[in-house]
Amino acid sequence: MSGLVFESIVKKFGEFTAVHETSLTIPQGKFVCLLGPSGCGKTTLLRMIAGLEAATAGRILLDGDDVTRIPTHKRDFGMVFQNLALFPHLTVGENIAYPLRIRGVSKSDCLAAVKRLLDLVQLPDMAGRPVSKLSGGQKQRVAIARALALEPKLFLLDEPLSALDAKLRESMQIELKQLQQKLGITTIVVTHDQREAMTMADLVVVMSQGKVHQVAPPVEIYRKPKDAFVADFIGSTNLISGRISGSGKLAVPGGTLLADDLPATGDVTLSVRPENIRVTAGSGDNTPGCLAGEVSYIRDLGASIEMYLSVAGQQITAITTPSDRPDIAAGDAVSVHFPKDACVVLGDA
Amino acid sequence: MINTFILRLFLGAIALFMAAPLAVVAGVSFNERKSLSFPPEGFSLDWYAQIFTEDSWRSALFNSVGVAVGASSLAVVVAFPLAWFLWRFHAPWARIVQVLGLAPFILPPVITALGFLSFWTTAGSYGQAWTVVISHGIFFVTLPLVTLTLGFEAVDDSLVEAAATMGADDRTILRTIILPLILPYIISGMAFAFVLSLNEYIVAYMAVGFTVETLPIKIFNSLRYGYTPTMASVTVLFVAIAVVVFGLIARFGDLPRLLGAWRHDDDS
Amino acid sequence: RAQEKSLKIGAYGGYFKDSFDKHIFPEFTKATGISVESIAQPTGEAWLVQLEQAARAGQAPADVSMISQVSMLRGSAASIWAKLDPAKMPNIENVMPSFINKYDDGSVCGVGAVTWYITLVSNSDVITQAPSSWEELWKPDRAGQLGLLALVTNSFLLDVTAKTYFGGQEILDTEEGIMKVMDKLAELKDNVQLWYRDEAQFEQALKSGEIPMGQYYHDVAGLAAADGYPVRSTFPKEGGINDSGSWAVSKASEKLDLAHVFIDFMSQPEIQTLLSRKVGTSPTVARAKTSLTDAEFASVSSEIEPIIPRYDMYQQRADWLSQKWTELIVS
Amino acid sequence: MKIKPRTFSDYATIGFPAGMLMVFFVIPFGIMIAVSFFQRVQGAFYEPAFVFDNYARFLTSFFGGILGFSIGLAALVAVVSVLLAFPFTYILTRMTRRTQVVWLVFLLSVLSLSEVLIGFGWSTLLSRTAGISNLLVALGVLDKPMSLSPSFGAVMTGMVYQTFPYTVLVLFPALSRLDPSLVEVARTLGSGPVRSFLNVVVPALRNSIVSTLIMVFVFALGCYLLPQLLGKPSHWTLSVLITDQAIYQSNMPFAAAMAVFLVLVSLSLVAISLLYGKKENAA
Amino acid sequence: MSGLVFESIVKKFGEFTAVHETSLTIPQGKFVCLLGPSGCGKTTLLRMIAGLEAATAGRILLDGDDVTRIPTHKRDFGMVFQNLALFPHLTVGENIAYPLRIRGVSKSDCLAAVKRLLDLVQLPDMAGRPVSKLSGGQKQRVAIARALALEPKLFLLDEPLSALDAKLRESMQIELKQLQQKLGITTIVVTHDQREAMTMADLVVVMSQGKVHQVAPPVEIYRKPKDAFVADFIGSTNLISGRISGSGKLAVPGGTLLADDLPATGDVTLSVRPENIRVTAGSGDNTPGCLAGEVSYIRDLGASIEMYLSVAGQQITAITTPSDRPDIAAGDAVSVHFPKDACVVLGDA
């Protein structure tokens, strides 16, 4: 089958298991983000794909062929390193031409390729520059161009944008996405920035502590997190535990909430995004889906207003826009509304 | 401020301390008479001319330079694969070879010298000019080994990995990435070995002193009938060579970095 | 072939070798057609160590070398010298018998090449009155003013002390006697500013008056004086120390025949005269056979009976002596 | 990123240097060790044998004293060199790149000065007739010029002179990599420049200091010319006696035995201080 | 007067001016953030306060006293460095006690102080640890405790949180703020993260290229940016240029906008925050404050929806919440509403 497949891949460093048994399929042509907190094994996974790290167990298949034992230099994958790893002794053009030159491509063909690639990353006429004279964003583009020089089957990037400042990062995210759509190369990007993943990816792989938690498109990851880790790691959320008290009903401290897909019995945890919680002044009517609370404090961040609420002893955060801001202040009694479709039932992490 | 004054004083004192014997040697080299008087009596550049006009000094100079070139090249040729191996591979036993590479510099030189003397006579090559090149090459292998180890440490792993993802095998990486990056370290290791070989006496003497008279041997032999100012002028010439060699290295490379300096902000 | 007719000859490096290269070897080549490759030997016995090592491996760094007496003996004890055939060297008849070295079995292994004197030298600016006796070294007002040779085997101070204070060198026959001499020698230690190994180390200080007195080579002191330095060399009344170098051939040499020719050539009185004139050494042939003028002779020698070192002692008690000597000067 | 060597060519790369060092370093050194057990023949050379005489001769209070002196001298030289070079190198690394380069070129050139010339230079500088004491007389510090060499002070001066550039170069990497913010933070916390140097820079680099001391110590231990040129016989080190025995007495077995002993002593001193350093690190 | 005052401070490095003439007053007890892009001179300004860098011209006054020439170690300011600069040879306790010890405080007093400070930063019982054994967040706290040991008059922090990951950073931001409120020390924090500045500061100083652009509380910075640089750097914004066409009216490409505080005549630039722009389906009615536009594309980030619009050839971004999302898709014609109070008139940068 076409695409990249992990079959029960495991990676240990000595006693320490960096990647627990993982099976995963990445369809051809997709833009995938590996997302997770620091140290969760993202880089390790990416390096195994590139062959820079040998898998302890399991197989990696590309388009049906086992590539697990093929050495890096025969895999023909393009990779962009976190620190970019531009060759300091070569010019921009020589860097980009490097993979061609070592394959014996003729000088004129190299020149043509360099020109084409520099146009692609919007850096025309830079071929002669020493790389030390480039700005961060320009270096970035050169590293990308170099990785693409061989028209790789797979395009791997390890936190490619983390060194850039916020503004530049955003524009590079969009460019990278457009580039990938134009070329149609299967692309895997490691990041620990969830915003970045949400912006770029067709498919997000959420990892923590060497395990894959969820693989899904970004909006689904946000709207339907599989477990508490994902819910909490992607955006911020309120986790509310309760006990099933009837079909579609959940008894929580302070009242009852409504939710779809609730199991028949048992204890479950809900995730409710702060921006989906509605707060109104005055103590609530205590109908299902609405709890009484008190305002702890309110923070105005300019673009949004954060309301920290205490509901039956539990901390709940709600966010609203300045225009929708209810007329409340710290200490006020409020009613807190949890819309049914905003209450997501979580599985075990 | 008082602090900067003390600082200057300290630096000045060190500079004076380091320069004083050089001043004596330089002064002596201008003596008019064949004597090592200081302060010099009269002024003459004859002793400089003599380095080149007098056969024995000239050939000693050329011998020294030849031996130093050969020995420093050999030292690099031996140190490079060793440093590369230590950097590239994970093999604890290779540390033993590393220690062997560091040891020649640590032993009392006279012992190394006598060891070579026995060795070359036993091997039947005693008296061949090339034996001193090997002897010095091994004796000074420590220097390029140290600079190359520093150099390899400074090569960013990800450069090598990046090259591998682009299809370069070990050999290609060595040729296209590592060699160019490590070149300054090769040069500085070689320069160290070169300069020290130029001035080494006892090993050169024991290995092949009677066939190849190097400058230090020539100087020592001259002690029989009095220091001649040529010794001083040769020394001044040597110091000048060292200044030029290291000055060139500093001009075309980053000398502090070659000597192990390194700051986070260096990359930019 | 020309190459076969060449000889590697070792001579002390520096001024010595330069003079040989300039004045002596060309004469030899002219006379015999044998070309000379001269080798700069170092001072001391380092050369002997090299010859010995090379001989063990069957090699000869030089065919003929100029060897000092202690080293000659040491070399013969280790049999590293080739036996020489006097019959092939008619001119060695000229050489005084005391300058012919022989193996125990009586065969010749070395022929005197040159001799030189170690005398009492002083800086005439600092010490106005020329000293006349080795006793000068012990005088209390010489404190911190002496430069003496640092090796027992080249300073020969044991012989000097024995001759000066014990009526002759016989006292050196026994270890007790030697210890007595050493005790006497120990008395002058406070006078010594410099125990030198490399001659020029002392020469420099002597010329400048930094160290105004000591033992030194008569010939070199003469050169310095001739250069206008306030340096004088005195033959003390007990005699100057007469040391000499011999030509010896390494056993490993394959050119024994040519070596014979060379030694024979060097033993001619005319050549000895030439040596005295050009190199400043004293001849190994009787003065009468040379054509040296009185002035020329005086500049390289003296009529006062010399102190000839007890080479046998230096050889037989080598390690014991060097140990005691080191203890003497180090402690 | 490091991998285990696998193929023949992997091993071949280390094979060449290992072979070279084996043949041209281990074997000659091995010969010297063997020679140290050979039988000395008085008045001649030596014969192959297996005797401990050479070691036995060494084990006397006389040689013990010399060994002690040599070690003491080397240690003192190391300490003085590091005491001078550490603050110097620290200041050097805080200077502009350009100034650093000038100093480094200068020090490297001094480093290449041969020992004889250093000895000659200093003996002239310390002499009565041409030396610095004349300067002191001119300045009115001294009544009349005096001779400062040969003396223990002269030996120390010469050896410190020789080891100083070496010490600076050994300390240079560690000091130039020292994070400057450590000193800055100490200053914000109330330490003046000297104080912060003493209680931040020095302790933070104590491992480098220890290893530098060891390297300079070993270097100084092998020094054999300067003690002869600038010292009295009582300042001669074991290296001088080794050279003496080997070259002037043709007593190679004894020289080799002394050298082996010297190497053992210095190696064990190095090992002890390394162990001590490790322990301190672990604590 | 009480507080920190910069009087015409200038800092040059050789030819290069890192800080242009700056005058600034920081009132006693405030929490101030220096905010600006990389290289704008924030660190330089902070280091001048600490005395680690000498000002080229001007004076710095603290509570009325000129401190410009006082050496660092006599200033008694606490400072936390970006890389923390913990002394590697000392334990946690010794690090914290360092400023006390060098002042000759007795051992038992030191111990007591260390205990109190460790409690303050919530690291009890850590005194004996070597600093190398701490996690990033713990090192952070130790550095803070050490800087506070002397009860400094001024507390300076250079990007104290930049090495921490997002979650930890947020909780440290809140802790730091609470600590400052508790102790009441004038605190100056350098950051290039505008969210961080908005969260913590009482007063934000926005800088770029060695110049101070605006000094104001966070919400004011967001709502009333002084110039285009501030508007764009703090959050994202739409900058719209136009010409005054009547009292309170501005002619812009595609129609007319309304704004307060418009000058009588001339060209001005408006800043309009994306979340203040309302988008409705159907072509607009072209009344003032409402322009006709077309949807370029829509991006769903989960918590918010970004709409990229083309209005009279200009790119306009609008943001809304999922619940307020209008029923539009790429290519649709829309009307774009710019509320009068959302249109902020900018000065020259």
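A, B, C, D and E label the chains in the order they appear, each numbered from 1.
Everything below uses one rule, namely that a contact is a pair of C-beta atoms (placed from the backbone, for glycine too) under 8 Å apart; a residue touches a chain by one contact, two chains touch by 3 or more.
Just so it is clear, the structure is predicted and the values come from calculations on it, not from any experiment.
J.: Please give the intersection of the contact partners of chain D with those of chain E.
T.: Shared contacts of chain D and chain E: no chain.
J.: Could you tell me between which two chains the number of C-beta pairs in contact is largest?
T.: More C-beta pairs are in contact between B-D than between any other chains.
J.: Determine, using the mean of C-alpha atoms as each chain's centre, which chain is farthest from chain E.
T.: So the chain farthest away from chain E turns out to be C.
J.: Could you pull out the chain whose C-alpha mean position is farthest off from that of chain A?
T.: C
J.: Please report how many Å separate the Cα centroid of chain A from that of chain D, as a whole number.
T.: Taking the average C-alpha coordinate of chain A and of chain D, the gap between them is 57 Å.
J.: What's the distance between the Cα centroids of chain A and chain C, rounded to whole Å?
T.: Centre-to-centre distance between chain A and chain C: 91 Å.
J.: Between chain A and chain E, what's the gap in Å when you average each chain's C-alpha atoms?
T.: Spacing between the chain centres: roughly 26 Å.
J.: If you average the CA atoms of chain C and of chain E, how far apart do the two points sit, in angstrom?
T.: Chain C and chain E have C-alpha centres separated by 89 Å.
J.: Residues of chain A touching 2+ other chains?
T.: Correct list: 52.
J.: Provide the list of chain B residues touching at least two other chains, using ranges where the numbers run on.
T.: 36-37, 118, 122, 161, 220, 227
J.: Among the residues of chain D, which are close enough to touch at least two other chains?
T.: Those would be 1, 130, 246-247, 252.
J.: What pairs of chains are touching here?
T.: A-B, A-E, B-C, B-D, C-D, D-E
J.: Give every residue of chain E touching chain D within the complex, in rising order.
T.: Going by the criterion above, the answer is residues 50-52, 71-79, 81-83, 85, 87-90, 98-99, 102-103, 146-147, 149-150, 156.
J.: Help me check something: in the complex, which residues belonging to chain A touch chain E?
T.: 37-38, 165-167, 192-193, 195, 198-199, 218-219, 221-223, 234-235, 273, 275-276, 299-304, 319, 321-323
J.: If you look only at chain D, which of its residues touch chain B in the complex?
T.: Chain D residues touching chain B: 1-5, 10, 13-14, 16-18, 20-22, 24-29, 31-32, 35, 84, 87-88, 91, 93, 97, 100-101, 104-118, 120-122, 124-125, 130, 132, 161, 164-165, 169, 172-174, 176-177, 193, 218, 221-222, 224, 239, 242-243, 246-247, 252, 255-256, 259, 262-263, 266.
J.: Okay, in this complex, where on chain D does chain C touch?
T.: 40-45, 62, 66, 123, 127-130, 147, 150, 228-229, 232-234, 236, 241, 244-252, 254
J.: Contact residues on chain B for chain A in the complex?
T.: Listed in rising order, the residues of chain B that touch chain A are 156, 158-159, 161-169, 172, 176-177, 180-181, 268.
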